[in-house]
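The structures come next, written out as structure tokens.
Next, two complexes with chain A in common: one pairs it with chain B, the other with chain C.
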Partner chain A sequence: MTTLQLQNIVKRFKSHTVLDDLSLEVASGETLVLFGPSGAGKSVLLRLVAGVIEPDKGNVLIDGEDMSDVEPEHRGIGMAFQNFALFPHMDAFQNIATPLEASRSSADKIKEGVARVAKLLRIDHVLTHRPKALSNGQKQRTALARALVGSPPLLLLDDPLRNVDAKLRFEMRLELPRLLAAQGATVVYVTQDYKEAMALGDRIAVMAAGRIRQVGTPEEIYDAPAFVEIARLFGDPTINLLDVAPTAAAGGVAVELSGVRIPLPGVPAAEAVGRDCLIGLRPESLAFVAAGTAGAIPVTIEAETPLNEKTVSLVLTTDGREVLVSRPAGTPAPASGPAHIAFDGTNALLFDKETGRRIARMGEDAGERGEAA
Partner chain B sequence: METVSPLEKALRALALTLVVVFFMFPIVWIFLMSFQTNETILRIPPTVIFEPTLSNYTALITGKLTTAAGTLDIAFMKNLANSVFLSVTSVALSLVLGVPAAYAFARHKFRGSEDIAFTLLSFRFAPPLLVLLPLTQYFQWMGLANTYIGLIWVYQLICLPLILWIVRGYFEDISADVEYAYRIAGHSWFATFRKIALPLAGPGIAAAGLLAFIFAWNNFIFALVLASADKQPVTVGALAFVTSSGIQYGQIAAAIVLSVTPTLALALYAQRYLVEGLSLGAVKG
Partner chain C sequence: MSGAALQITGVDKFYGAIDRGVHAVKNLSIDIEKGEIIALLGSSGCGKTSTLRMIAGFEEVSRGRIAIDGREVHMLPPVKRNVAMAFEGYSLYPPLTVRENIAFALKASKLPQAKVDEKVGDIARLLEIEDILDRYPSSISGGQQQRASLGRALVRDAALHLLDEPMGQLEPRLRAVLRGRIKHYIKERGLTAILVTHDQTEANALADRIAVMEGGVLLQFDTPQTIKQRPANLFTGAFVGEPPMNVFAATVDFGGDGVVFGLDQGVQLRYAADEFSSAVLGELRGRGKVMLGIRPYAVRRAERGVAAKVAVNQWLGDQTQIATDFAGGTMVLVEHDRVRLAPGEEIGLKLDAGALHVFDAESGQALSHGPELA
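Entry: the complex of A and B
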């Protein structure tokens, strides 16, 4: 069991700062997902942990030990790359065997180890093929097998599902947690796919522009995003963000949408009233209701898209704002024409438009999870 | 595929034929000359119908040149051996020095690395005559004039920049991640260089080695000035055929055929590897 700590890491390439005073801790046996748009510095961070790139400032600690003077081959790491990085002049068996060769295992041990992991990843029938003759899925599994075969205590997976087709990605998303749990390793997993992040992560660290913006469990990130960008990155269809001007109300604030006043209890008036805000409404938190229900907002349904497990409707409020509403497939609702929608004001997210920061409810400590922009 | 009209096809074939004839004619002519005596070569008008003779080759191999003025000793076989020895040793030394250097330049950007690499390349810009005079003086002071070591050293001016720059490009084409993957798997940087970088850049190293060999083989001016008869390669040795009693065209032709053969054979042999190397689609994994 291994812990990983990153302390105040700074990395610059020429004048461009890729990682800006970044700190992060990964607990033993935990799967931490690094999530963020491309260019956020995720891959650079992994390479720093692996030791193939050195930080300009800051320390990488594995099991509490400073890694500054430890070469990559002595860090006890397994890593899978987004572009697979297989050795083109070796067959799949030789590729997978490289970590075992390094530890000077006997030929029998190597054979046994490769066979075990190859069977687990279902590539035992292509072990004699060179990477050129492998499909993308097989390449990806070979790369993963190479990372896993030595049972390294720390696994770094750099977007390993990026270059495989949708079907395989879905399968692997289901399979990987079991595989990783069987390894018992501490895992840092990089991805740009929020579903992958939610499916695989014990915790998710959201990165943007070389900094960690929020660390939390998948539920925390989804239900209480620290910033409006994070709210936008998670969820499909994306969150509805509407301009609102909160006014004071009993026990919190209230917002007005299409002339309907909706209370947001628990939102501190001092932080919200008089400021331009955005209200974030997840499409699935909106529902069609009968006219006359409390808080019902009159809308016109513009279009409807059935997406297998859910149906997404695009509606237009009477003051001309587009809103997406999703509901489980099969739920009856009007397909077009006038309708009413409503949401639960106690769960709605309110963001300060200027800073992008979410305005926390009273009694909730957002400062602990969200880092200052 | 685009469709090609018959006329265009014919014109293309004609153009190709012209080019081939233009480039191949001298070689074919030399080859024919090497089987003729001086008399038939100098006959006017020239003809391709003649009685072939092996006398030119015999003279070269036995080292006895019979001219109108008597028999002359020539060291052609010795020259050929010198050429082989000088070229092979120079290229080998260049590979030993140049390949690791190319790797360093490709993978480690250190202060001034570009400047050093460019300075090495600039050795190829300077005309040899520019450095020849001071070089001769230095070599005489240092006792390197007319030694194999001295020649091999000077040949590094020809081979090293070539190998360094070509091989560096091949190393840069190898994805850094592939090398990182090998190191993270638990191997030292030297093992990574040996087991990953070298095999993957292999075709490039072969190509660079071959080019360097040809350049070294064809060098004339360094060997002419810095070496005396017993150390000279074929390029300089061929001057011996310009004798006081006339120019021995037949022997020159035979000497050229013999001296071209090793490089030609090497090029044909290595061609397979070069093509294989290029079609490997590099190293995208």
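Entry: the complex of A and C
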């Protein structure tokens, strides 16, 4: 079992700062997902851990040991990338075997090791094929097999499912946790797909512009995003964000939507009243209700767009705001025309519009993991 | 809806010589009503794009007829067909700004300038391209070009609007609201639209009816709901729906007063005979093997159900996807709520007769959906 620590890492390419005083710890056996848009610095971070590039400042520690003077091949790392990076002149078996060849394992050991991971990844029938004769899915499994074959204690996976089709991505998303658990490795996994991040990560580190903006469990990130940009990155359909001007109310604040006053209990008035705010309402947290229900907001249903087993409605409030509302398919609701929607004010998210920071409720767990703005 | 906006009758497309070249579209017949939104859905090479290009007039029809508003058009050049298009490769005019490109589509309508400005402004607002209206196509991103091209097509009056992968390059937030806005726009104006996509979520979100194609053949043409509930074959059943349908090979036996499906590892699914119509029982009788399909949302947990072991539990914010080890394979179930089950936990699964899809083991043709014949 292996731990990974990154301490105050700075990396610049010419005058451009790619990683900006970044610190992160990955516990033994944990799968940590690095999530963020392209250009956030995720891949650079992986390459630093691998030892392919050096930080300008800061330290990489594996099992508490500083890696500054340790060559990449001695760091005990397995890697797989989105572009597969297979050797075209070798067949799948030889590709998978490369890490074992490098460590001078015996021919029997190599055969046994390759056979084990190939079976696990269901590519044992294509081991004699060269990459060009493999489907994208098989290439991707071959690359993963090569990363796993030496049972490295630390695995770095750089968006390995990026170039495979939706069905295979779904299957692999279900398979990977089993593989990784069987391997017992500590994993750093890079992705731009929020579903992959939530499905695979014990914790997710959300990166933007060379910094980590929030680290937390999938639940913390989804239910209590530290910043509005993070709230936007998770969820399908994406979160509704509406401009509001909170006013003081008993035990918290209240906001007004289409002339309907909705209390948000527990929101500290000092942080919200008099400031421009955004209320964040996830489509699944909104519901159609009967007229006259407390907090019912009058809307017009513009269109219904089914999304897998959900029905998503685009509605327009009477003051002209677009809102997406989703519900399990088959739940009765009007399909068009006038309707009313409502949400539970006790768990709606409220963000300071200027800083983007979420305004925490009073008495909320100190789960605020965002960095200082 | 009144009258057919488009009739495709017995259309074949060969690349190369007829009957000898590549047979891209095979004896396709489809009628589309005025005011419908239709999706041509399939993976690459299924014939959907060839079909769209034949409707537009960019490809010759090798055999068969195409009529728009009752008028045969398959011998006419594209400009004489009265269709508006947003195609990959049917690009914006580089020397014109985005505003001019969109306004150009309105030229034939001879509207007063103020009306043209208003229409361009409206569609630009809808597609969120107002701030790039005065830019040139070469200076905007692929996603913006896609929206500009979509705007140019939607702003026009035409008998048909043909949209090729209209939202492929959009970021998720924009895609979700644009789906709603575009559907509203098309419906409000009573336009007839045909979109081509490989993405079944896109097809389901927008289309009144979906034509599922594979290998040049139309496999099924029906409403999204019917395709989901009554897939014509295993291919369609597995292609439409996310996560994909669970599929298991099974033997069929009639023991005592019921039906028994035998899966791998001795797993048996038992049903009373009266859970199926007598026609279905007749269809199943005498069949040794079938393929059984059940959608992940239809799999229920039940204490006295068939044993399964949780392998993976993934919560995605608005739903929980659980993969279980079941009958030597993987059975996926999905619930709308957060479910707290740890890997290794034993659970029972209930597969209701009403949710079972039975397919022929060889041809993949659907035999029954729930209690009824396919």
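One rule holds for everything that comes next: the second predicted complex is superposed on the first by the 368 of 373 C-alpha atoms of A that agree within 3 Å, B and C clash if a C-alpha of one lies under 4 Å from a C-alpha of the other, contacts with A are read in each partner's own complex, and residues count from 1 in each chain.
Quick note on the criterion: a contact is a pair of C-beta atoms (placed from the backbone, for glycine too) under 8 Å apart; a residue touches a chain by one contact, two chains touch by 3 or more.
All of these numbers come straight from a predicted model, not from anything done at the bench.
Colleague: Assess the superposed three-chain arrangement around chain A: do chain B and chain C clash, or do they fit?
Modeller: Chain B/chain C on chain A - fit side by side.
Colleague: In the three-chain superposition, say which chain, chain B or chain C, touches more residues of chain A.
Modeller: C
Colleague: Looking at the overlay, what does A:F170 touch: chain B (first), chain C (second), both, or neither?
Modeller: In the superposition, A:F170 touches chain C alone.
Colleague: For A:S326, using the defined touch cut-off, is the partner it touches chain B, chain C, both, or neither? Pick first, second, both or neither.
Modeller: Only chain C; A:S326 stays clear of chain B.
Colleague: Does the superposition put A:T300 against chain B (first), chain C (second), both, or neither?
Modeller: After superposing on A, A:T300 lies clear of both chain B and chain C.
Colleague: Taking the superposition on A as described, I'd like to know which of chain B and chain C A:S38 touches: first, second, both or neither.
Modeller: In the superposition, A:S38 contacts neither chain B nor chain C.
Colleague: Would you check which partner chain A:A102 touches, where first means chain B only, second means chain C only, and both and neither mean what they say?
Modeller: first
Colleague: Tell me which partner A:P218 touches in the superposition: chain B (first), chain C (second), both or neither.
Modeller: After superposition on chain A, A:P218 lies in contact with chain C alone.
Colleague: Once chain A of both complexes is superposed, is A:E309 in touch with chain B (first), chain C (second), both, or neither?
Modeller: Touch partner of A:E309: chain C, not chain B.
Colleague: Using the superposition on chain A described above, determine whether A:I77 touches chain B (first), chain C (second), both, or neither.
Modeller: After superposition on chain A, A:I77 lies in contact with chain B alone.
Colleague: Give, as a whole number of angstrom, the minimum Cα separation of chain B and chain C in the superposed three-chain arrangement.
Modeller: Chain B and chain C, overlaid via chain A, are at closest 11 Å apart by C-alpha.
Colleague: Output the chain A positions appearing in both contact lists, the one against chain B and the one against chain C.
Modeller: none
Colleague: For chain A, which residues count as touching chain B in their complex?
Modeller: 47, 50-52, 71-75, 77-79, 81, 83-89, 98-99, 101-103, 131-132, 139, 146, 150
Colleague: Can you check the complex and tell me which residues of chain C touch chain A?
Modeller: Going by the criterion above, the answer is residues 172-173, 176-177, 179-181, 183-184, 187, 199, 201, 204-206, 224, 241-244, 297, 311-312, 314-319, 321, 323, 330, 332, 334, 336, 343.
Colleague: Provide the residue numbers of chain A that touch chain C in the complex, in ascending order.
Modeller: 166-167, 170, 173-174, 177-178, 181, 195, 198-200, 218-219, 222, 232, 234-238, 282-284, 302-310, 312-314, 322, 324, 326, 328
Colleague: Give the list of chain B residues in touch with chain A in this complex.
Modeller: Residue list for chain B touching chain A: 175-178, 180-189, 196, 199-200, 280-281, 283-285.
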